[in-house]
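Shared between the two complexes below is chain A, which pairs with chain B and chain C, respectively.
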Partner chain A sequence: MESDPNKIIGEVTQSDYKYGFVTDIETEYAPKGLNEDTVRFISKTKNEPAFMLEFRLKAYRHWLTMKLPTWAHLDIPPIDFQDIYFYAAPKKKKQYESLDQVDPELLATFEKLGISLEEQKKLAGVAVDAVIDSISVKTTFSETLAKYGIIFCSMSEAIQHHPELVKQYLGSVVPYTDNYYASLNSAVFSDGSFCYIPKGVRCPVELSTYFRINAANTGQFERTLIVADEGAYVSYMEGCTAPRRDENQLHAAVVEIVAMKDASVKYSTVQNWYPGDKNGTGGIYNFVTKRGICKGSNSKISWTQVETGSAITWKYPSCILLGDNSVGEFYSVAVTNHHQQADTGTKMMHLGKNTKSTIISKGISAGKSNNSYRGLVRITKNASNSRNYSQCDSLLLGSTCGAHTWPYIQVENKSSIVEHEATTSKISEDQLFYCQQRGMDAESAIGLIVNGYAKEVLKQLPMEFAVEAQKLLSISLEGSVG
Partner chain B sequence: MLLSIKNLHASINGKEILKGIDLDINQGEVHAIMGPNGTGKSTLASVIAGREVFDVTEGEIFYKNKNLLRLAVEERAREGIFLGFQYPVEIPGVSITNFMRTAVNELRKYKGLDPLSGGAFLKLMEEKKELVELTSNLANRSVNEGFSGGEKKKNEIFQMAMLEPTLAILDETDSGLDIDALRVVANGVNKLRTKENAFLVITHYQRLLDYIIPDFVHVLFEGKIVKSGTKELALELEEKGYDWIRKEQQDNGKAE
Partner chain C sequence: MQGALKQNITKELMTGLYADHRAAIAANDYPALTARRENAIHRFEELGFPTTKLEAWKNTDLRESFAKEYAVVLKPKQDVDVQKVFRCNIPHLDTAIMGQLNGWYVSKDVPLMELGNGIIMGSLAEAMKKYPALIGVHLGRYADTNGDAFTALNTAFSQDGVFIYVPDNVKSPKPVQIINVIHNDENLFLQSRNLIVLGKNSRLSLVHCDDSYNHQPSFSNVVTEIHLGEHASLDHYKLQSLNNESTLISSVYFRMEASAKLESHYISLNGGLLRNNIRIRFNGPHGDAKIYGIYLMDRKQHIDNQVFVDHAYPDCTSGELFKGILDEHSSGVFNGHVLVERNAVRTNAYQSNKNILLTETAKVNSKPFLEIYNDDVKCSHGSTTGQLDQDAMYYLRQRGIGEDSARMLLMYAYADEVISKIAIDPLRYRIEDMVKKRLQGELQICEACVLHCNTPEQPVEFVIDMTKI
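Then we have the complex of A and B:
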């Protein structure tokens, strides 16, 4: 793990978004705008089998019948879907055998992000499926993983090489009719990651994907599918940084997780898309559908997210607890500063008996931002003896930001127990003074206090992510005092 | 002169608390400030540390020949002013180790030194824990969270040992301590006394001064220092009580 303290201090003292740079990689575009031809173009370019084109077209036709959702506590400027490039791929050279063959520009990009593939490979023991714009450029560690029968590749490769698995599971958790953005994604998704852990296999490394939006005005539509077969275990990490843009960029990803009997999937995200500047100009629109199904008994899905970026976040990683005794978890830290808006939370659908869910949500708002928790806990009639514990805390920095909590709870049987706790607090002047008296300036004091506040969630993250997340929390709150 | 306070007036929400304080402290000295409740002892400590809720309306404070009132709270701290709090605040989720590491490295940065490595920092912590007889496992707990009164005060002394201030102000560190904790606190202070640093010990009771022998004792009453002397003054106060001061002040008032 690289941890040059001077570098960290340097980063912390820069208050502008640091990942704002554009790499010059030749890009191949689909024509601007969205129609059936765009969908066909994408499918053809990717050389997809017929069932995929059919899936995309059904999704597109359904999307045409849908209306933009307006129920979230968000102020979303109108989006002109005809003014967006729906597909951009770095021009193909050939298959890479080693890193030397990878576009040096691309490697430099990772270098700037401090997450070079080489470093990842050597130091962290992490297999990285790196996605730049829409196409997977490099997959590492595949050989090691192959020994265990683990498939970890780009979605495009999965469609080519494992069509039977894709056909079986794609859209099985988030159907193409699910919601406006999920339907859009189903029609035009460019790439993403695919992961299959066979029966009884415990994945020996953390699987990690770094996403990155790179070409100007390109909507990014990632599609991720993770399947853990009976008794399998996998920990999956997704991290995001995006280059600076003045125009807003649309990001509508779909993540699906399937956990079979006795399987366990841990999904961790650090989301740091460009949030726009201090005046609320620019920034990513992040409309994501993430959902997992605990299909078999005793299965478990755990979501951990640290959300610091994006101008607008619309995201509810959810669990369908179908199998008896299955477990769903949601740990979330969402930070909003300046003019950022976040409406995020989770849904826990208890269908099986003795199912358990835990929700720990920590919202931190500063500046003129708005931060909302929206959650649904539904315990159906058949889900006897089920339990949910929810804790939703909001921390306010200053008096011009907003924190909102919308917990929806539906319990349809008498043997289940639901607990919900919610608090709203401010950083006290006493705490600040105490830290400052020990020589810390206000910003590092706030960073420290906020990291303490979010500790319950941060400790759920894999080690290498936790360090990054702690830095991010402090950085995103820069300029929030005074 | 390390600290020089001249005609200091300070108020909170328009109410004047300090009404003309004069006080000089040299390196190597221990000063005690005594006085009944509500006479401005803690306010004086807060104003020296730079707490913003207090308005300094008149007078000046010089520290190391600098105009202290122009410095921000953290700048004063980095210049070596330490305040041991009467009521240390809880910071949930932040371990003492993490808290102190941040503080120590801020201080080192200010002095142009590299941050301590993890190993060197932990070694320093062990040394200082021993020095102040901090035997419990406080370091892994969140700052002051769920600490007993005694643990909080020992933790303040531990932090003082870590930061090695030039001027340490202890604001009623003895309040609420049993005799053992009091001894630990006092021993810590005595071990940290040098010719270079100075202490301003604020206390309501004389008993702390049995353990920390002051060079000077000042009595603060209704926002002013009304009496100064040596350690014998503390004993006299103990014997005669604060009513003695109160009566003397009333008599003075009549005489004027």
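Then we have the complex of A and C:
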């Protein structure tokens, strides 16, 4: 049966955002707008030590001197930073001993999202540090983790209980001067996750947090810091969903990873924030700075991301390969539909000798969206015998979308090898024909082909995520090509 | 001589010079051109000379070039013995030679030739006087005066250059060769402008050489506009062999009508700082453009190839292959940009950039960029940077080939992928020979122009009567 591609694309664009609901929890706001008082208010509310206030104020003062970056291939409507609540916290912020004490509405929210704490705790064996509107509500499995000496808590707790670690590592990978949004985050970040794996410890479970932007008009500014000490290993998962809103919401997070000698960190993200409706109204603005440093020799940082949401995505998870023989990896699937815009990619800075990096990026654009890969591979003079392999492919579904590739390759020594390849094309007619000939409808055929196309990245995800990511891909692209 | 004083080139100097010599510069103009000059100088004033803060100039720093002092010459020198300056001794290469000395068209007989088949070739300044209507249709129509500071400056200042017109349905019987020689006793800041027009269904082979004869620093800002009519076919060869003190900003704008076919070869053998802006726009469906580049750099040389292909119409094909070998302290830049516009369905575009670094101090910046706005396309790009294949080295050495010879053989084979695309046999043999020499470090700029080079059988006789220059 002939299927009109535009009709199918239309059907997809009309499908509702599955996670669009608002939880009715009382929220405490900082006054709207941003000035030094807001920064002081946040710091004071969170009862932070003096060094944190100083860090925030320095960042805020630096931010004032910066200009909004315009280099990305994004059409960003002007953001009024004075019209945003920079801090919102669920009002009932008691410390909970067990899940029973958690606000039942909150639990229901998680259930709708399919990540019931209870279920995860019991069945999946995953310690979840769930973040709703900036405040970490409940940390599970901390006792188990404590046995290994692993610290996994909210950033606020870490600032209270482990100030020496926070002081040592916060801003060491992404300094407060790094870029516009990182500076903003440094000044006003509300909460986030903190994770420290001590020497020689292999974290027995996959650590996970779920971010969720809830109150309307709230900028969400998380700050995540992961430190893997010598020989440690951790796999960290971050997943995001947000309810539907008509006004754009700003999200400017910073993630920092430090991997010491022989340490290995795997960071996986599934991002499914509200992308706006089919006319391009609403949706999250996602401006994220993620960076890891392989500080010691033989260390490894691996980023895996599946990006299906947000109206605007501006995100470049990067690796600084400082230690000799260190390894950086970046696996990404970015899907854009409707009027979504994504400018995403990675930076691999090879500083140490014999460093290796791999970049696999798969972009899928449909509707009227624009999907850009922007990556930098830099091999410095001292990084002899380094190796990079990059592959970034784009799949175009429909004649009104755009796919762009901006790879920057800089090589400054002779013993290194850098390879980059990229292709851009639409779904192969032959493959579609083959599948349909064997009795599959166009929709499942496309689902199959797209999943196959993204397989290289999806297989990098931890199992729990892989299942969700595959579902997300199918939801985002249900039959969107003919 | 006007403005011949040696000085640092600045925006203020150039705008000042323009204001002072406005009338002299525009002496041969038709009215629309003068108006265009005025707009261009204003645009240049707004843009200024590019710095590394601009994305397009991020990896090419002109400060060293601008640190030298140059004389801006607004009038050609007279009485040049053309026969002595321009000679080509490539065996069996039969070309119609057009000479340019220091940016000015020079000829022994007539400044503008009209051949029996309707081909017009000669000085652009002469052509502007004689064929203002023909020139007016094309000149300044393809170059990006608005966005590119050097093109704007060139549009304002340029007075002469080469003009070639091939009428509809005419196939040029032999290749045309432009030899642009820079030879002067003082540092020169040059701006010349070339216009090449190919009528419908016409055909031309064009060999365009940029050479310098001595070690005097120079700064050339050359803009070439090339129009290919429907079904026209152009074989374009750009050979660059300048001294280490020279800076060359060469901007070539190709405008391709429906079903036009272009093959362009950039062979960069020497030069202090070379910047090739290659901009191709398909102005009709079924166009086909292939751009090949080979660059062999050493010492502190710098090469920057910027290729922009605008697929504005459906069914066009473009391919880019740029290969480089970078030795000593040299640096290379490749920025490819393929834009596929919304309606340009069934586009096929390919970009490839490969680099070999021979030393720890050589470096390369590569950015093959694809910008695509429709789904019915086949686009790909690749970029590799590395060293010679160790397995291949091992294989050769195992068979008794010395390390140096093995390395030379591999480098030569690497370059051959681009050289083998040269369609004019005598030219290809010569380039092969030159690349061999270049790789052995034998080819020095004092051997003069690419096409005057030395062979054992034919020792080069290179005498310039200095009293006449």
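Observations
As a working rule, the second predicted complex is superposed on the first by the 459 of 482 C-alpha atoms of A that agree within 3 Å, B and C clash if a C-alpha of one lies under 4 Å from a C-alpha of the other, contacts with A are read in each partner's own complex, and residues count from 1 in each chain.
Throughout what follows, a contact is a pair of C-beta atoms (placed from the backbone, for glycine too) under 8 Å apart; a residue touches a chain by one contact, two chains touch by 3 or more.
Quantities reported herein were computed from a predicted structural model and do not represent experimental measurements.
In the superposition on chain A, A:Ser394 makes contact with chain C only, while chain B stays out of contact range.
In the superposition on chain A, A:Val205 makes contact with neither chain B nor chain C.
In the superposed model, A:Ile76 makes contact with neither chain B nor chain C. Look at A:Ala422: by the touch rule set out above, it reaches chain C but stays clear of chain B. When the two complexes are superposed, the chain touching more residues of chain A, out of chain B and chain C, is C. Contacts of A:Lys455 after superposition: chain B is touched, whereas chain C is not reached. Contact with chain B, but none with chain C, is seen for A:Asp430 once the two complexes are overlaid on the shared chain. Overlap of the chain B and chain C interfaces on chain A comprises no residues. Of all residues in chain C, those touching chain A in their complex are 55, 342, 345, 355, 357-387. Contacts from chain A toward chain C in the complex involve residues 71, 73, 381, 384, 394, 396-426. On chain A, the positions that touch chain B within their shared complex are 5, 9, 428-431, 433-442, 444, 448-449, 451-456.
Per the touch definition, chain B reaches chain A in the complex via residues 49-53, 72-74, 77-78, 82-83, 85, 88-89, 91-94, 98-99, 102-103, 105-107, 109-110, 114-115, 142-143, 159, 163.
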